[in-house]
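Both complexes below contain chain A, partnered by chain B and then by chain C.
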Partner chain A sequence: MNYNFNTNKMFFYFILFFSTMISISSNSWLGCWIGLEINLLSFIPLISNVNNLLMTEASLKYFLVQSIASINLLFFILMKMFFLKNFEFNKIYMILLNLPLLMKMGSAPFHFWFPNIMEGLSWLNCFILMTWQKITPMILLSYYFFNNFLIFIMIMNSIIGALGGINQISLRKLMAFSSINNLSWMIASIMISENMWLMYFLIYSLINLLMCMMFFMLNIFYINQMFFSNIKLIIKLTMMFNLLSLGGLPPFLGFFPKWMIINYLIINKFFILTFIFIMMSLIMLFFYIRMTYSSFILNYIKLKWFKIKMKNSFFSLFNIIYIFSMLGLPLSTLLFYF
Partner chain B sequence: MCFITFFFLFMFSMINLIFFVYFFMNDLVIMMEWEVISFNSMSIIMSILLDWMSLLFMMFVSLISSVVVYYSKSYMSSEKNLIRFILLVVMFVLSMMMLIISPNLISILLGWDGLGLVSYCLVIYYQNFKSFNAGMLTALSNRIGDVFILMSIAWFMNYGSWNYIFYLNFMKNDFSMIMISSMIILAAMTKSAQIPFSSWLPAAMAAPTPVSALVHSSTLVTAGVYLLIRFNDLMLNTFFFKILLVLSGLTMFMAGITANYEFDLKKIIALSTLSQLGLMMSILSMGFPKLAFFHLLTHAMFKALLFMCAGVIIHMMMDIQDIRFMGGLSKYVPLTSLCLNISNLSLCGIPFLSGFYSKDMILEMVSMSNLNIMVYFLYYFSTGLTMFYTIRLLFYTMINDFNLISIFNLYDEDYTMLKSMFILLFMSLVSGSLLSWLIFFKPYMIYLPINMKLMVIYVSLIGGLMGFMISNMKIFSFNKFMFFFKLSNFLSLMWFMPNLSTYGLNIYFLNFSKNLLKNMDMGWSEYYSGQGFFNIIKNYSVFYQFYHMNNFKIYLFSFIIWLMMILLLLLMI
Partner chain C sequence: MMKFLFMIIFMIPLCFLQKMFWMVQMMMFFLMYLFLMLNVNLNIFSNLSYVMGCDIFSYGLILLSIWICSLMIMSSENLFKMNFYSNFFLLNIIFLLIMLYMTFSVVNLFLFYFFFEGSLIPTLLLIMGWGYQPERIQAGMYLLFYTLFASLPLFMGIFFIFDNMNFFMMYMMKFYNFNLYLLYISMILSFLVKMPMYFIHLWLPKAHVEAPVSGSMILAGIMLKLGGYGLMRILIIFQEINMKLSFIWIVVSLIGGFYVSLMCFCQIDIKSLIAYSSVAHMSIVIGGIMTMNYWGFLGSYILMIGHGLCSSGMFCLANINYERFHSRSLFINKGLINLMPSMSFWWFLLLSSNMSAPPSLNLIGEISLINSLLSWSSLTMIMLMLISFFSAGYSLYLYSYTQHGKFYLGLYSFYMGVSREYLMLMLHWLPLNIIILKIDYSMIWF
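Showing the complex of A and B:
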């Protein structure tokens, strides 16, 4: 973990976070757009690395995708301003305005860039891409939310996330597809209420952070590395619990927001949607389990001289979050007690 | 451990002897009851009935078991878990006692099930596959009897109490009592290994020899006979007893023939037990419970002795049970041979040994009764067969050439075994006359023509001659049996009864479950739930990944195209 403390990167992180603040707190579409642009321009330096061709390629792809989405967003904002009166709604405008946002967050029909770019990033950047970069488009989506259209997007997200992940061996792609699947839940939650979305997003980011940090510290990028490298059993176990939590298995924290969403969806009579969500998260769970469970039970050839060292001080920092991630669901019942 | 157990059991038997004499003299019956629970006018009672019969039987059981425990100190001396063995034997004896003393169907079930369970534990005592299979056969065959007892308990609920002894005469013509009696007969037939269920008895020879001595003399197999003796009043002159007469006669016959085909020392003895059980059952079903009981007791003595001698011989012969290896043992081990001979001859009823008193009386009572020729034939032919296999066994083990390895050491100075055998030797010498004087103080009147009276001697002489001849048969003559291969197969495999109760019974279920496993578990349900679903998803995933192989430009371009199309839609409206 000799990660150099880079002040330039600090600066860009700062801009990254504040650009998001700009766009989600601005009260005009142009302000939102400006925030998105600043966000893009600050994220590019973070992910690009002169020494690594893959990262450079990823940054270029990211730039292309995001800029095309931004151009279109700007175009449709202006078009809407031009053609529609204030507070006037038009379904096709809504679709047109939603599409670039979906592209920006890597949602289903336009998600092809997402696993590709993830493949070229480091785990921390993956984490930012999977969580923080989704805040802005998601909030903007909620401003101009077209239900009937977005339900299809949700279903698509859910199915594609599950189907894409099942054949993957790259953990980053796997996490990307898992993120796509979770995106469907997030869009569903933002359809219900913003608080619900906030809760889902927070818990998802927490678990995702843990996973990404874990993979980062263990320096794992592919599934077979889980079997090769001498990872301690307890760490494998935590990894597995976190993955189950991410998939939404009941005793863990990840189930909690999904539970709430399922509850609200059923109250609002989205039965088919709920069914698809649950079935697809079953498949998600299947390949989460396949990632870790077989590394418990199968006997693999291990590298004898390859030991993974983890700084205990750093690791212990995460322990408390791990505990929260695992025991969060029973703990969260305290919320309802008071 | 052995000695303590021996001591207590022996003392117990002596106490029982004293009580037996006292009870018998004064014709006392003591009945004790403990009401466990009473609901809906039904009372579940643990009851104890002490009369001369139960006391005498307990005396014999505890005497034999004490001797067996003493014997197993030497026989099982190299056993690691000797204490467990002894405890199992003690539990076995205890459950037998429970069975003997209680005239209540529920508390009988306690002993009955205990016998089944502990006999299973004892048969599988040598933990190998053979004994496992034998134990499973034993346990499951006995389980049938348990189920019948349970069913008769259910029928007994009509009467509000399970003390059957009160209802035997009173409710004789009741429908449910008829059902009960049929079930009790079936239960007794499983325990006493009568014909449809007799395959477990030779299989149970997988148990250690002291256990065989205990199980096949006085405890497990006689439980059925004892139960029927108790239920005798109910079933006298009924259709069930007529069926039982035929079945037990056939058992006797079958066991006698099969014993002649057998070369395993213990199995021969087991089959002779089966034959004697058939004798007891048949005389019981003809309505002479006392005679059956008498034969049960004398048989218990000499059969236990016989098994113990067999155990000694097996010990000496380096765990070889095949009688073709033995021979000339009377020269090497005179004391054991003495015991073996006396018990064997007592088995076939040589005068003034204990078997003579009971067996001769039974056969003469059979001749006195009006019977058809078939049952008469079964009785006398089986008597001849008893002589046949006894003489054959004697010649094979005692007289013929010794066929074991050339370096051997047969020694007859294991006094732990010998002492315990001598107790039984004494008993099998005197118990016949002793009991006949004690129990039958009113003598049976027997009046027979001379040839019928001498019929026993005729068949015994012929049987003995046959046994002698067959034991001296050369290998060339043996090969002639191949001419009647199928017949020999039929007779030596106990009339295919092991096949009936093992393979013949479970092949259908095994086949069915095989098909079920193949078609459902590994077939359709796998295809439609587990693997099939995974395949579908995987194929979709492969199909989906095909879209990922496009150029990056195309993604972006498709996005633009989509937007333009929607824009066109907008402009069209």
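Showing the complex of A and C:
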């Protein structure tokens, strides 16, 4: 057991997770803001790498975007404090407070940084960016949730996420757009209830984790690499089922959160919203399937001289999670017993 | 009902063993005979347990799906011989069977949708995985997106209904009536795509042409019937609005059926011809269901089962030719009566059943459907006449083009039909023509 732990990274990961806890458990807006700042400053060293220009650029961009967002957040918090009474709700202030949070999580009108930064990260950092970094802004959004405005944002997220991914060949950008699309479902779920959001977020991060780990271990960054390389069939199939699960096709686990959200949206009479979500998830499904053509068609011309070696050997450990992600739907009702 | 599900589930470990190809097939036959013993009541749900139950309608279709699934394994022996992912193939078919079994046996509307969609993935895998040309990707995408595009609104519709009824149970749905246009369209359209109705049928010939024989068999045999089954179940709550709007579907599908049967004459690919002929048959079924009368429902039930067996058998025949000629073109598949006279006999039997010649289920089905459509409007007489005339026409066309004349001179080597193939064809044909001896089970529901 001579794992060579990078203690610096351990430290920053700890602070990253801890800062999220600070801001989601804080009971004043200022505390939330502090958590966000610590979060930003701990994520920067994690993604920057002196040897890789792309990563450095990504960390710089991330810093710029996030710091602008948090400056605005601070400004609007203070403005709200000065001009509004306690517990007074004002539409303008709600929008003003929602906007920087949307910017923080890479939601639609401010989504442009998101695929760009994803392009410069390693898969594990991509995973952190797509899931963990969204927790804080999402929870903060739920404190001050302006329905009429955010429904607009949801529709924008859904459409931009779906249309942005159509012509992509970079898997990281695809996953980024898929994350933007999923953001719309997540905001919708937090509109319904926080438990719903928790469930959606957990299942989304599970599937996303598996996808990112798979891409990480196989060292795949572009769509055509799926065709080039001699990956074992079973691995390709698990990858395909995971993507279908992410797309929300029925027999897989990913269907469950979408089912729940559609159910509640329909009960609350959000018909047009649901229709847009559903039709856009169809487009999402299109490019998920395009990513996995190579595993759908069992025989095709392979290049024999490419050998892919799995980076880590703990694939077998992931098998159980894979099986859960593929066939976990019957078990998913257990999530109601939280 | 659960015991049969468990039997299918416990067949899964067999797929992971080597040389268990025929074992799985035997187990499916065994399952089918066990299921045949099920005590079923005619028009009420019996054997209710958990979310499952079946009336005569789901009973027949479950029998059909188990039967077709086992025949699918039988017909694709080549996969086993070449070891072309044969274990994965078996797993896929068993998964498909689970989905189909559940689709037909659940009494919960949402779960019905769930398994209805779930059967799409194994079918897609069959077509894209074991198909032949690179175009199979396109065909698979057509299949997936045609059906998903229409069925996601169905998903919304089911929850809308749930919101109003506060339950999902199918057998209680008859106490409700929804008189809403958008809801009606969103609930109906998915099944019409699956059937397929004339304007939205384009995915079907594409999928058939690219699919391997097993994919074609399951598509023609069961997938199209899912649409009819769902339509019959769902129309219960739309009786009033369907009275107003049913003419659209009936007119489109009858005229389309006639047009499609004309298009059958233009085909040079055997499989594509059979695919178009099944679109034509399904158009009468849609007409029969949409009239919502007794004759229409039982006629479409009988025709669906008859067509499932018959067209699946014809796809087997097409594949038997394809394995020998390596082509499905009518210009190459010629003069087979010289080469395989006894196979020609089976061509005759199945094609005559396809043109609904006397002892077949298709005959009973078509007669009932003609009754129902004529009682709906006597104007349908014209189209019905043309459809049944041309269905005889293209069956005859297919028969005489493949069997008569000189055989293809470029043919280098050939082998005769093997007993597995004859058995397979007989297992298609026999139930098709023997059920007529006890047809009152399907004819007298009330």
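In this text, the second predicted complex is superposed on the first by the 316 of 338 C-alpha atoms of A that agree within 3 Å, B and C clash if a C-alpha of one lies under 4 Å from a C-alpha of the other, contacts with A are read in each partner's own complex, and residues count from 1 in each chain.
As a convention for this text, a residue touches a chain if its C-beta (ideal position, glycine included) is under 8 Å from a C-beta of that chain, and two chains touch if they have at least 3 such contacts.
What you see is a predicted model; the values in this text were computed from it and never measured.
The superposed arrangement places chain B and chain C in clashing positions on chain A.
By the document's definition of touching, of the two partners only chain C reaches A:251; chain B does not.
After overlaying the two complexes on the shared chain, residue contacts for A:113 are found with chain B alone; chain C is out of touch. By the touch criterion stated above, A:293 is placed in contact with chain C alone, chain B being left untouched.
By the touch criterion defined above, A:64 reaches chain B but does not reach chain C. Contacts of A:99 after superposition on the shared chain: chain B is touched, whereas chain C is not. In the superposed model, A:332 makes contact with neither chain B nor chain C. In the superposed pair of complexes, A:56 makes contact with neither chain B nor chain C.
Of the two partner chains placed by the overlay, only chain C lies in contact with A:274; chain B stays clear of it. When both complexes are overlaid on chain A, the residue A:166 reaches chain B alone and has no touch with chain C. Between chain B and chain C, the overlap after aligning on chain A sits in one stretch of 365-373, 401-409, 509-517 or 527-535, namely 509-517. When both complexes are aligned on chain A by C-alpha atoms, no chain A residue touches chain B in the first and chain C in the second.
Contact residues on chain A toward chain B in their complex (touch as defined above): 61, 64-65, 68-69, 72, 90, 92-93, 95-96, 99-100, 103, 109-110, 112-113, 115-116, 160, 162-164, 166-167, 283. Note for the complex: chain C touches chain A at residues 84-85, 88, 99, 113-115, 117-118, 120-121, 124-125, 128-131, 134, 136-137, 140-141, 144-145, 148-149, 152-153, 155-156, 159-160, 162-163. Interface of chain A with chain C (complex): residues 233, 244, 249-251, 255, 262-263, 266-267, 271, 274-275, 278-279, 281-282, 285-286, 289, 293, 296-299. Residue ranges of chain B in contact with chain A, taken from their complex: 537-538, 540-542, 544-545, 547-548, 550, 552, 555-556, 559-560, 562-563, 566-567, 569-570, 573.
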